[in-house]
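After the structure tokens below, expect a handful of questions from me.
Letters A, B and C mark the chains as written, and numbering starts fresh at 1 in each.
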């Protein structure tokens, strides 16, 4: 079988909400192990793109192909099982649950969900629990070792940076092949963002098999970690290429600032 | 919050002390007869709890129960047996205790649906009634062994619940609410017009017979004369213990996590692989199964069933117990059931007003202490386990 | 089927539909402006009906026994007091809990409904029994062929239709109506446009509750009796009607109300052996509709932002 050149291939993807065309025949592709930046003014369709790929909204037209499998109309959980994980623009943690529980939600496909196993085979369950605890702890340790001792405390009351970290752990715990990051820097300082990005890259280096698409408004992040960018405006792709190139593009400047510099 | 940082397990004695005091209190309350004594006892109880809270005596008890749950659970069973033994000849008290035990099972079922999965069920009493009517019909018209009747009652409640499920699954919270309320109203009307099932007067339920032993005869062992409710007491206690263990294990497993995830954030849960519909179905069916079994047994205990006992108002009482006790906390549930069942029985003056009273109490709780009497603690998969 | 009988069924269906529509509109208005399900709405209807009855008894007691005056007084007292009650509920319970999970509001209003219902049952003299409601409209009737049209029914139907039309006019042609619709669409924007959010909410609740009171009196006049659980029954029907019409849509609520009445009528015709089965039939169809179109026949407003 030929080597996979495109991990994710999106062709002519369209999505309408009432009268608003949120995605307009979008073409996009990511190579394995790439880091792709997805930028554009507010409302340009970036989060909608994530939502359509992960099956939260059905696409109106076009196709999404992941590892040669068509997942265009796949349900959210099928997309997850295929190996795509995501974070959300506004932090969606279950605050009344413990940090461990929140991370484990992301581990769903690796945990035995059978009724008999969970209710009756308690010693086997205990073993899986302890393994999961170790895995969660190891991952969390990369991001914030101080959280590890509090891993069974509720996630409520933690500062935003810690919540983002937990969300990212939740997305990474099941070793996805594609990670969709939706504005991970929102609500954090420059230093915190840099630290977070470094940690994500550290995980990526360990796994050696992680592709990332990152939606961001903070251009410093995009410039630093992405190989390539795609700029959206009104749901259409208006530029593509390395960040420097794209930042100098007249159309992109107009989209953001209203006027070319 | 400091629990997880403790390196050693909490001691047993605070929980044990609390248990002993509680048992003595409940025993006294059950034995009391004069209205004035009862009111005094109630006042004393409330004052004692408030004082204990103010003196910060309740936290060690909580930690003790959290870490030593298995031991304290066994001791609670012993305490219940002690109460049963003490009141062995008292029909009225034993019936009350059996009612508490079986209502606890029903609310545990409701807890799976509502407390864990977030599926609203305002027809809890109706499913309880379905179980009871199953006993009535099968015991009267067939020779199905009575333990099997209990099982069938549970399965029938689960099955009928599944008929309501399809619309409930595809819709949001308030839709599920109206579907179950409509069902509660409809079932009562249906039972009232249905002559086969006894109409408004209801039906008699022949008592339980197990291996030739008829539960409805008084028991004499040597010089001990026991109320016939004792047999029901043992079976009910057994049922409650089984239900409690089931619910506990369910919560402390990946399944419990799934249910919490889908209750708290359905969209995110889906993005992480959860088959939301499947787990809602399982939770709803399992919950109804428990409610149905409890109802079936209760039908045999009470000796008769009538549509008037399983109305929407009664379903609201079950929901009230859940909200008062602390959604998701089985211990809180049992305490709340105890209060809700025993107090109106003892304080006859408020019997008439109990719906009004409990509704008002729930409003107060929801406004000022939404987490209930005993809030649900963070999940600990294995009590006392340390990494 | 005999034409006269058919006409009778139609008339009955229209009356019921009108009553259900009045209740359903309340639910839909509350959901529209506040995204809440006020489960106590049906029981407000009950309180309204009993308030009217109490007014009647009071007037009788002081010697006033002239039909139209009594009726007017009953309506006025019921409508005004229920409007006040609705505003009180909004102020004290619903508005403060806006940031709490929607479930809590649902539960609280459900319990509140129980408090209202039980209060009527316990504190109104002989509240637990059905109470006769005076027949204050003319008892005359006209014969149209084989159909006997009772004038009082005709009057009530006309009144109900007028009220519904009046409501539509209010919502679509007045500034207040515009404000209500603005708040229902988007609270924040409405606020920034200078609309007094709290006032609009309170007025909406007042209107909805007033409609319920009116429906309660009509119900009493139609059946010549009321009982403490009538509100629960009508509330569930009204709510179902609002849902199948699509929560948030006034047209939908009206449509849903008449649809439910229609289903009940069909049920009565098709299953004549027990009148209770008409409800089973109607609700079964409602459940089926909800399974097919979960957001109602007319789209409910989507509010979740992912």
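List of remarks:
Everything that follows uses one rule, which is that a contact is a pair of C-beta atoms (placed from the backbone, for glycine too) under 8 Å apart; a residue touches a chain by one contact, two chains touch by 3 or more.
Predicted, not measured: the structure shown is a model, and the values here were computed from it.
Most remote chain with respect to chain A, judged by CA-atom centres, is C.
With centres taken as mean C-alpha coordinates, the chain found closest to the middle of all protein C-alpha atoms is B.
Between chain A and chain B the centroid-to-centroid distance comes to 43 Å (mean Cα coordinates, whole Å).
The distance from the centre of chain A to the centre of chain C, with each centre set as the mean of the Cα atoms, comes to 48 Å. Computed from the mean C-alpha positions, the centre of chain B lies at a distance of 35 Å from the centre of chain C.
Shared contact sites, meaning residues of chain A that touch two or more other chains, fall at 56, 88. The multi-chain contact residues of chain C, meaning those touching 2 or more other chains, are 306. Multi-chain contact residues, meaning those touching two or more other chains, occur in chain B at positions 267.
Of all residues in chain B, those touching chain A in their complex are 1, 3-5, 246, 249-250, 253-255, 257-258, 260-261, 264-265, 267-275, 282, 378-382, 387.
Touching chain B in their complex are the following residues of chain A: 54-56, 75-77, 79-81, 85-86, 88, 92, 94, 96-98, 101, 104-106, 108-109, 111-113, 115, 118-119, 122, 125-126, 129, 133, 137, 149-154, 170. Residues 37, 39, 93, 96-97, 100, 102-104, 106-108, 110-112, 114-115, 118-119, 122, 232-233, 236, 239-240, 243, 274, 276-277, 279-280, 283, 286-288, 290-291, 294, 304, 306 of chain C are the ones touching chain B in the complex.
If you check the complex, the residues on chain B that touch chain C are 118, 120, 122, 164, 166-167, 170-175, 177-179, 181-183, 185-186, 189-190, 192-193, 267, 312-313, 316, 319-320, 323, 352-353, 355-356, 359-360, 362-363, 366-367, 370.
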